[in-house]
Structure formats: C-alpha cells, structure tokens
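One structure is given below, encoded as structure tokens.
Order of writing sets the chain letters: A, B, C, D and E. Residues in each chain are counted from 1.
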Amino acid sequence: MRKEFFLNAALLGVLLAFPLWAWSVDEPYLITLATRAIVFAIAGIGLNFALGFGGLVSLGHAAFFGLGGYVMGVLAFHAQTYTPVMGWPLVINGTKSMPTIWLIAIALSALLAVGIGALSLRTSGVYFIMITLAFAQMLYYFTISWPTYGGEDGLSIYVRNGFPGLNTMDPIQFFAICYAILLIVLAFVFAASRSPFGLALGASRQNEERIQAVGQVPFRLYLTAFAISGAITGLAGALFADLNRFISPTMFSWQTSGEIMIFVILGGVGRVFGPVAGAVLFILLEHTLGGLSEFWHIYLGAILLGVVLFARGGLYGMVAGREVAHD
Amino acid sequence: MSLILFIEQALNGLQYGVMLFLMAAGLTLVFGVMGLINLAHGSLYMIGAFAAAAVAGATGSFLLALVASLVCAAFAGVLVEFFVIRRLYDRDHLDQVLATFALILIFSEGTRWIFGSFPLFLDKPDWLSGTVMLPFGIEYSLYRLWIILVGLLVAAGLFWMIGRTRIGIRIRAGENDREMIAALGVNISLLYTFVFALGAALAGLAGALIGAIQSVQVGMGEPVLILAFVVIVIGGIGSIKGALVGAILVGLTDTLGRSFLPSFFGLFLEPSSAMSIGASLSSMSIYLLMIGVLLFRPKGLFGGI
Amino acid sequence: EGVKVGMITTLSGGGAGLGVDVRDGFMLAVAQSGRDDIEVVIEDDQRKPDVAVQLADKMIQSEKVDVLTGIIWSNLAMAVVPGAVAQGVFYLSPNAGPSPLAGAGCHENYFNVAWQNDNLHEAAGAYANTAGYSNIFILAPNYPAGTDALNGFKRMYEGELSGETYTKLGQTDYAAEIAQIRASGADSVFFFLPGGMGISFLKQYADSGVDLPIIGPAFSFDQGILQAVGAAALGVKNTSQWSKDLDNEANVAFVESFQAEYGRLPSLYASQGFDTANLMISAVEAADVNDKDAFRAALEAADFASTRGDFAFSTNHHPVQDYYVREVIQEGDVFTNKIVGTALTDHADAYVSECAM
Amino acid sequence: MTEPILDIRGISKSFGALRASNNINIDLRAGEIHALIGPNGAGKSTLIKQIAGGLRPDTGSVHFDGQDITALSTAARARLGMGRTFQISSLAMEYTVLQNAVLGALGHRGDVFRFFRPVMKDAGLLATARASLEQVGLEEFHDARVSELSHGQRRQLEVAVALTLSPKVFLMDEPMAGLGAEGSHRLMGFLDQLRHKAPILLVEHDMDAVFTLADRISVLVYGGIIATGPVEDIRGNPIVQSAYLGEETAA
Amino acid sequence: MSLLKLSNISAFYGASQALFDVHLSLEDGQVLAMMGRNGMGKSTTIKVICRLLKHRGGTTMFGGRDIKRLPAHKVARLGIGLVPEGRRCFTNLTVHENLIVAAQPGEWDFSAIATLFPRLEERKDQLSHSLSGGEQQMLAIGRALMTNPRLLILDEATEGLAPVVRNEIWDAIARLKTQTGMAILVIDKSIKELARVADTAVILEKGRSVWHGAFTELTPDITDRYLGV
C-alpha cells in the first residue's frame, strides 16, 4: 500500500517534471510526447474502469475513443467552415471551445456506451470481447467510407481548439490542460474504486450470484461502469484529436482498442494508476526503440513478453506487490 | 440478377466459408478447447505461408511446401507453448492477450527480417490449376473445390478427435480444471503442447493453402485473426461444429452481401450512392451478423455452458 | 549552407516495402550527390497517422529540419502535410498525392514529386480508349483513394461501364467480384487494388477462367510485388510515369547504380524517392534553404535530371509529365515491365484550377 | 396459527423429461425451522433456486409476506428480505472477509450507486458487518482474503453475509456441509437462536442437525413432497426410513 | 515399509505457512482417518501428497519412492486416487466422460461404478454441471476409483450425501479395504462413521500433527480437546 502510494506520487511527479524540463530547454516535441502519454493514459483509465473493476473486457473501446475524436473533429470542422452540423430538426452549430467539446464528447460517448453496453452485456467472457469489437469495427468501416468528414483520409483541424485564458497552441499550456484532466479523472476513479459502487462492481466481477443474493442487479452495475468507462475514453479521444489536430478512422480501428488494452495490462489491471504507468512505459519504449533499428518491433515484443512472464500483474504488480489493494 | 449468378455466388460464399473454417479450426482448438486467447494465431498462419513459399520456391513441389507449412508452424507452436504459453495457463486471459500480442510483433518483424519486406510468391500446382464445369454451366476453380474438400476433412478429423477420443475428453477436462486432471494422473502439459502444436499446424496449413491464391506477406495474419475470432464466436467457442457452421454463415453473408447489396440499394437510390452505401454495409455485414447471433444466443450457435 | 531533411516513412509492418524503397532511392541520390552537408533523419511511422503527426512535430520542433519527405500513404499525408507546411518547412511528397492538397488545399511549401493520386488512373482511362475497350468493368476499394481512382479513370474513359464495384479495404477473396465480372458481359477490366489486395485479385482472376484483358495503375505491377504475383500478371497492361526501361541517361544510371547498391531491381517507389532527393539537391545547389523564397523558386524550377525524362511542376506544385503504358513480361526468372506506349503526354492534373497559388 | 411468511403453491419444474419439481406446496411460518430433506437429486436445490429467484418455475407461484413474487428477480427478492446461502460457497473470492460482509450490508441498505464516499469507512455498514461476523465466529478473520479461507470458514462467512441482510426468511442449502463437528455444533446453536429473528427453510443432510433443530420436516422424493410433519412423524415414517435414512440411523 | 509416509512436512501458501510439522504414515490395506477442526491443514496435507502444492521441508514417500520431485500426474500414476474437497467434477464433460477421462485398467470399470452408484448410470450422458450436489459427489468418487489406485484419498467425500448413500459409501469403503487391500486416507467429520472403518487416525491442529495412533485409542478426552466434541 505504501509502496503503491509512493509509486503513484513518483509517476505523477515525473509526468509533470519531464515536460517542465523539456520546456526549459526548449524541446517542445518532448512536451508533446508527454501529453500524448497522458492522453493515452486517460483512455486507459477509462478502459480500466470497465475492465479492471468490472471485469468487462472490451475490445471495442476504440469506438469511444474515436467518437470523442470525431466529436471534436466534426464540431471544429463546422466551426471552421461556418456551416451548421445539423440544420434540422434543430440547428446545431460547430464550436471551437474545448470545454464544450469535452462535455459533448463525454455525453455522446456515455450514450454510445449505454447503447453498446445494453446489447453487449447479454453476453459475457470472450463473447463480450468480440461483440464489443464488432461494434467498433462497424464504426470503423462506416467512417472509412463516409465521405463527408474525409473517409479514410481523415480530417485536419489546423488550429487547436480554444480554452478560455490559455493559448492551446503552446505545447506546455496544452500539456497543462491535459495534466489537469488526468488528475481529475484519477481522483474520480480513485474515489469510485473505494466507493460503495466500486465495492459492488468488484463483487459483481468476482461473483454475480453473490451480488444478486445481496439484492443488487449486476446488469445495472455493469452498464453504469461501462458508460463511465466509455465517457472517460471518449474524453481522451477528444483530447487526442486536439493533440494531433487531426482525426481519422484509425482511431476506431481494433488496433487502437488493442493498444489501449495493452496500456492497461502493462500497467496493471484494476490498479487506479496502472494505465498511467502502462501508457508512459509504452510511449517511452516506442520513442526510444524506434530509432534503434528497422526491426525495433522485435525488441518491443521481447520487452512486453518479459513484462508478462516475469511481472505478474503488470508494472504495478511487479513493484507494489501482487495483491490489488481494495481498502 | 440471374439465378445462375446467385447459385455461383452462393457457392463462392460456401467456399469462402470453408476457407474461413480452415483459418479458424486451429483457433477453436486452442482457444475453445484450451481456453487460451492466442492472438499469435495469425502469425502462425503467416509462418505456414512463408514456409510454404520458401520451400515451394526452392523445390518446386507444392506437396513438400504443404508439409513444410505444417512442420514449421507446428514447430513454432511447440516453441511458443514451451517458452511462453505454458507459463500463462493459470493466468488471467489478459496476460495471454499481452503475451501473444508481443509474439505478433516478434513474429511479424522476425519474418520481415528473414524474408524482406516484399510479398513472396506461392502458387497452386499445375495439377490443381484451371477450372471445372459444374452443373448449370458454372465454371469453377478446381483449386477452390479442393480447398472445400480439405476443409471438410479437417472438420471431420477434429470433430472426431475432440468428441470421440479420450485425448479429446482429457483436453476438455483440462480446460475445466487443469489441476484436477493432473491430480488424476494425466500429463496435461504434454497434452497441451500437443494441442497447441496441432492448432499451430492447422493455422500453418491454412496459411499455405490460402496463401497460394492470396498474397504471402508480412501482416497477412492479423485480418485473418479477427475473422477467425468472429467465426468461432458465432459458432460457439469450443465447438468444431459451431466453427464450421459459423464459418459458412460468415462466408455466405459476406459474399452475398458484397455481390447483391449494392444492386439492392440500386433499386431505390441513384447508382453511385447505392454503390458506396451497399459497399459500406457489406463490409459491416459480418459484424452485424455476429451481433445478431449473440443477441439471440449469447453463447454462440453451438456454445455450451 | 547544408540542409536537414526529415524522412517519415513506413518501415515496419505490412506496408514496409514501399517505405524501404522510397528511403533507399532517396539515400542513393544523396550519396551520389557527394554532398556531406545533407543530413537525413529517418523515422518509422508504422503506417499510423497519429504516429506520423507526432514524428513530424519531433522533426520540426526538436530536430529543426528544413525539409520533410517520405510519407507513403495519402491518409498519413493528409494528417501531416497541412500542419508541417504551415510551420514553414518544405514538404516534398515522394508518393502520396491526395486531391485536396492539389486543389483548394495546395500550399507554396508543398511539392509533389510523384503524381497526383488520380493521374495513373486517368492514364489508364486514356489507354482504355486507345485500346478500343468499350464496355469495361471497374473496381476499387471503398475508401477515398478508391473513389478517386474510379473517378480518375472515368474522367478520361469514353466507353460504357459494364459494372462498377467497391470492395472492402483489405479484402483478400475476390471470387464474388470475379463472378460478377464474368456475368457482366464486360470486354475488359480496370482495377485499383494496392498491395496484397492486388496480388490476391490477380492470382484469383488468373485461376477463374475469365480471360478478359485487364488494365491497372502501376501499383499492382511494381517490381516489389510482381514476383509475388508471378505468371498471373503476364501480359497485363499498366500505366506508370516511370519504367525501368525508360531510355534516358538519368534512368539508365539510376537502374544500374540501384541494382549495384542494393542487389535488387528498383521499383517505382525507389525511382520516386530518387527523384525527390535529386529535386531537393538541385534546389540546395541553387539556393540557401534558409532563404525560403529562393529555395522555393529553385524547387519550382525543377532543374534536375529526372529518371522519367521531362519533368516540370504546374502551378499547384504537382508534376507535369508523361504517363506510359507498360506490359508485364518475363526476363529469365524475373517478372518485370516493358514500355509499350504512351497514354498521356505532358499531363498535369484535374485540380490545378482549384489551387489559388 | 399465523399466516405463513413464505408460501409456495403448486410449483412444478421440468428439465427435459426430468420432472425436478412436481406440484410442490410448502410453507414457512414465523419462528420455525422447516427442514427439507430427501435423497440426492430429489430436487431440493432446484426448489430453493425457484424460491430465491435463480430459476423460473414452469407453473405455480411463490408468495412472500403476502405478496406474489413469482415474477421478481433474485435481486428484488433479496431486497424484500430473502437471505440465502448456497450449497456450493458463492462469495467474492478476492475480497476480504470483512468486505464480503460489508457488501451484504451495503446491498441491503441499497445505495450502491454512490461514487465518492469510501465504503470501508462507513460506520453503519461496518457495524452491521462486524456484528454478523461475530455471530458466526469469524471475528478474527476480518482481513483474511476469502480465497485463503478453508472450506469450513467459507461456509461460516456465507451465513454471515446472509445475516447482514437482516432478512425476513432464510433459505439455507446445506449450511453444515463441510463444517467440522465442532463447527456444526456451533452453527446449530446459532440457528436455534436465529429462528426467532427469521424463520429458516433448511436443506440439510446432517440428520443430527435436522432432528435437533427442525420444527417441521418435509420430505422430497423425485420432485414431489411425500410427507410433511413434526420430527417424530417423519422419523417414524417407513417410506422415509427406507428411501432416505437407511436402517442404521433410523434405529 | 509404509505405503505412504510423510515426515516433518512444512508448506506455505505464498508467504503464509499452512503446515509446520506434519507426520503421518499409512500401510497397504489400512484406513487412516485424518481429523481436525476447520482450517487446520487437512486439505493442505492432501495437496502436498498429491503434489498440487509444493512443500518446503520434510519428505514425502509413496511406495518406497521419494515423490518430492515428481510432477502431480506422475504421482497420481503411481497409484493415488483423489476425491477432492468440493468435488471438482469436470463440469463441461458428461458423467460418462468424467468417469473415463483418467481411467486405468483394473477392477473398477464403468459397470462396477454403475453398480455402486446406479444414479450415475441413469445420468450417464448428462453434463455434470447440472447434476445435484450429491450426484456430483458420487461422480467424484467414481472418477477416482476408475483410476484403480493403491491409495484412495477421500477429502470430505460424504459431504452433502443423503444418509442412505453415505451408508453405502461407508460400506463400500469397508468392502474396499477388506476385499481389495486398497489403502484409504479419509477425512470426515463424523467420528461415529469413521469408527466403522478406520484403523489409525491422525489429528491436525494449526498445521501440526498433534496426535496419531490407533483409532481405538481415541479417547473422548482427545476428541474433545482437538475436535471440540
């Protein structure tokens, strides 16, 4: 417990100190890299909420990540071109305001998650993995062939959206926004993991019969968890789109779902900070190994393999001990 | 649309289904029966295709190439099982996901390192080339007919092994409770190595057979992997019969969707949008099928408990 | 003095062959120039748009490159190019030429050294006319490049269409489409199926008993891929702005030195990489890269010996060049292409007028 | 006599050709322990499942506290006050003993959709949980993980969790199974007290326990109830002796 | 020489020690009763014997061999048949498949089991997960017998069985002992029933074997102290 606390603090500290250092030596790219890690971490935290706490192994979280991205892209695109998103039955205009975009991304992702969840939760285990994948794949194929927003080519939003009082094009300021969101999301997930809901959700994952016998309905717990999970990942998608100032169907691809899942597993399933550690390590590896050789994926694979084989429970399992602390 | 074309497309769908079954057969075995999520199944498929291409290139013999695909993939399977998978049986499914994802990276780039970045040449042998005339004047590829035959043979063999032999019973028992089956005196480790190797060999064989009419290149395994998962989930995990039925359903849906959806939309939309709407819908069709099946049968068509 | 180049290209995974060729062609030209003041930083984009964007940021912000190049895929180019040129670097495209960047989205710092995406398909359409085809079946994957391909083809083609089909991106089995072709009563087939899709299609087509003539853009008949298609491609006509047997001094030297250096025949992509580098070198020799206007003018002049013979930029910084018809032939064990005609001469692209430059 | 709290009327259930419940009528009244005995496979657990809601009867109805609950879900029945223990322990294996008990208390209180208050610091829940753990004798094991408990300890916890629900009736499927002699004794003493709080429908093969505790016994054979009555009647019933008890115990 | 002999066994679950100093021995044809309160280490000792849990200290000898280095399946093949706590039937197999899955040739075959437990024959093709608790228990016993072991281990094998069936099982154990000379290690809570068959007994208390001797020497004093009855 103490160890885990220390690790959490160190992680957050490094994540803050590194970009500040990069800023001081004028390496904006490194700030962007850290921002990228943070955005992926948020996506991972979202997935972890369903996967780690609720045992809902979703291979379709790209659906929410992509939706968040497309919310940003579509709204900003219409704001850029001064065309309404929708003219009927009510007029909706585009926007370039980050907070508005986030709220819409969160709301729509939660809504989509409720829809997908309500259907998918009839199944369980591997069937659940595959049915969530199916939903994401459909969105993927849909966006690829949907010409309005660029199809497979995606859509560039040349200027980052605005946040009151900040210059979002400045890497360090955009980083600060993402970092603050990370902290808020972490705080929420941390509280939720210790809350009545967290306890019930965890019990439901371990034994549905048990949770029913104490008078609760697993389906409602799962659906709520899935919606929250989708909302967080959707928010990450919106941030990711703003980070790249670009959206494309790749955000919906199963590789994206897989990558988000890798962050979670790598960091430690069911640990509040696990996905943060996972995303940071993954980005770090990608960044440092990429230059080594054309065949750097081999090294990456070998390292990941080493982590699974020798570190039970991911990085957090390795450093902070195997057992997940629940209280 | 003529009836003949419809029959021909249905036949194509069936054939595509059997091809999908070949890809999925090894996966059902390993996944359904051993309860192991093996994302590297696609890599074993790729290894089979590359081994076949290399041997066919060197010897010119297609049969030798098939043997090579079986042997190499099985061997890779044994290595993987022994060094990696074996340590993961009593772990979470998610650890298996991460480990086998890592294996994909290693295998893909390893293959590219050995064979280079360009697709390889692998062709069917002369004695399987050309077409035959079927009733109704349908001209059909001999090789594709041959694949149907091999696929059905594999299905029958697996069906018999899993359902009727003691090895099959033991494998299934091991999936349920590894510790207990060992405590009853069954060498489950060895058995699992065998099953994994068999699954790998089947993947490799599929890679070689299908590689002969598709492209043999790095990354060929991943799309197949998804399809194969779709197939076995529709059919019900652990059921060979389910995999076969699921594969044929997917094959038919995909093929018929591709060939007739655009003209269907053409009935009431202008041609170019009918074309693209039809095409997008048909690329989603198998996922729609899967969702539909799972909504009514949450454990797949032939899924057990 | 000197120039720093960032190359973002695909070096791992399925599409790596193209990136490797572009890089090898590019680096060959750099080496041949004998200049030691050209520094090239190469990174792998893994064919992921977000990674490409990230690398572009890195190249521009940390490496402070003057020139970016290397991207293979249109969707990655669309992700990277607008942002990069807006930050003042030059982007020289060795492969992708999406239409927005040729039309309304053109930019003074963006130069395409390969072709606009529609060009090879337009050439195929033009060839179909000269070959006398009047009822052709056309197919391409269902994504923007596929739509562009069919539109490009139709722009030049004057005959009837017996059918038009979009396939799934990444599709590997074409039995259904081939059956449709057979049933459609077409007199010929045009297809655009890049990479493995094309290999699968050609092999299956050859095995189907349908023997209508096929035409396609060079992508499916390129040196890197032809060996994998094998005899199934023999005799197929394809359109390209380059061919190994183009008889000009620069090309002969290129083919020979590429083979000597890398031990394989150069591909279309290698030639494009090679030309891109030579264009850049010609500009470096003429102007200082820090003087953006002068450097741009030097690029616009396109004063270099292209492997394709005559080469010029139109006002939207896309090539004006000839497009050839090639036929797949066998030379000993090797399958390769031979020029059999010219489809379009001094051809620009359809979007020039939309470019405000 | 008082109105029965739990009243099962004419329940039938078939699995294919097998008739696992055959027109069963059984009731449970305040303050009593009603034991349900019968050979293995007679349909006792199947009946309990239908009462608790895990299984829908083909025909017949379940009345609880004067209300027809046949259509309600397991969770809804639990909230109405049905406490249940499983024949094969069914607990949250990764949680500690205390967490499992708190879970019961929380489920009973019903406000699970709260995201901000730490649940393991909730005094009300903790008090309920601790009290019920103490009643079954697990007070020393608060922080032990359920996966580390022995078989018998799990059975005790199972009862404790049911207690946290302060149920109106208990359905207990073989609570003694797996308990040692001492544990059985202790549990018997405990159930003896418990019946005054809430009546118990007890499925049990431990005849010592049944004969000591039960106020009434019903005998289930091949899905049908062949006899219901006070202990002496059942013990003396010749059919019960031959079909279930065997000579020795009957002697 | 003893068929089974454990001396000085210590064993751990992760970092926590479950067995400290366990000794026991069992001869061919004998029945040993292992007793103790809940959680005292009985099942853990069984796991050590079957090599499902690796012990740290002490020696385990079976049939004159040190089995410390053997994997579980080899130990089982030396002739140990286990009926584990909690049944652990293969729920995805039918009754018949459960029985033959690990069968070894010998006196106990399907028809012998069918005679012992007619109910199993009736349910032959049913998946075992839908069996009643008692039926599963019968199946677990049958499954172990089908391996035709030299040593049969019954960990609470009569749990959840109707009294008649339980009687049958005790009768069967008695018969096994006299007729086949099979050695049996049995854990059960009913001293009265154990007394029918057991020759010797060992009592575990907090991971230590605190008493062993002939079953007849078990005085009320001892059972009261260690078992609470």
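Keep this in mind: contacts are C-beta pairs under 8 Å (C-beta built on N, C-alpha and C of every residue); 3 or more make two chains touch, one makes a residue touch a chain.
Computed from a predicted model, the values in this text were never measured in an experiment.
Trainee: What are the chains that chain C and chain D both touch?
Mentor: Correct list: A.
Trainee: Per the definition at the top, count C-beta pairs in contact and tell me whether B-C or D-E has more.
Mentor: Greater number of contacting C-beta pairs: B-C.
Trainee: Which chain has its C-alpha centre farthest away from the C-alpha centre of chain D?
Mentor: Result for the farthest chain: C.
Trainee: Using CA atom averages as chain centres, what separation in Å is found between chain A and chain D?
Mentor: Here chain A and chain D have centroids separated by 44 Å.
Trainee: Please report how many Å separate the Cα centroid of chain B from that of chain D, as a whole number.
Mentor: 48
Trainee: Give, as an integer number of Å, the spacing between the C-alpha centres of chain E and chain C.
Mentor: Each chain's C-alpha centroid was found; their separation is 74 Å.
Trainee: Where in chain B do residues touch at least two different other chains?
Mentor: Counting only residues that touch two or more other chains, chain B contributes 108-109, 112, 276, 279-280, 283.
Trainee: Identify every two-chain combination in which the chains touch.
Mentor: A-B, A-C, A-D, B-C, B-E, D-E
Trainee: For the complex, which residues does chain B have touching chain A?
Mentor: For chain B paired with chain A, touching residues are 31, 37, 84, 87-88, 91-95, 97-99, 101-106, 108-110, 112-113, 226, 229-230, 233, 237, 276, 279-280, 283-284, 287-288, 290-291, 294-295, 298-300, 303.
Trainee: Please output the residues of chain A touching chain D within their complex, sorted ascending.
Mentor: Per the stated touch rule, the residues are 188, 191-192, 194-200, 202-203, 206-207, 209-217, 221, 224, 323-324, 326-327.
Trainee: Spell out the residues on chain E that touch chain B in their complex, using ranges where they run on.
Mentor: 50, 52, 71-74, 76-77, 81-82, 84, 88, 90-93, 97-98, 100-102, 104, 127, 129, 143-144, 147
Trainee: Sort out for me which residues of chain D touch chain A in the complex.
Mentor: Its residues touching chain A are 52-54, 73-76, 78-79, 84, 86, 90-96, 99-100, 102-104, 106-108, 110-120, 122, 145, 161-162, 164-165.
Trainee: Inside the complex, what are the residues of chain D that reach chain E?
Mentor: 15, 37-45, 87-88, 148-153, 156, 174, 177-185, 205, 207, 243-246, 248-249
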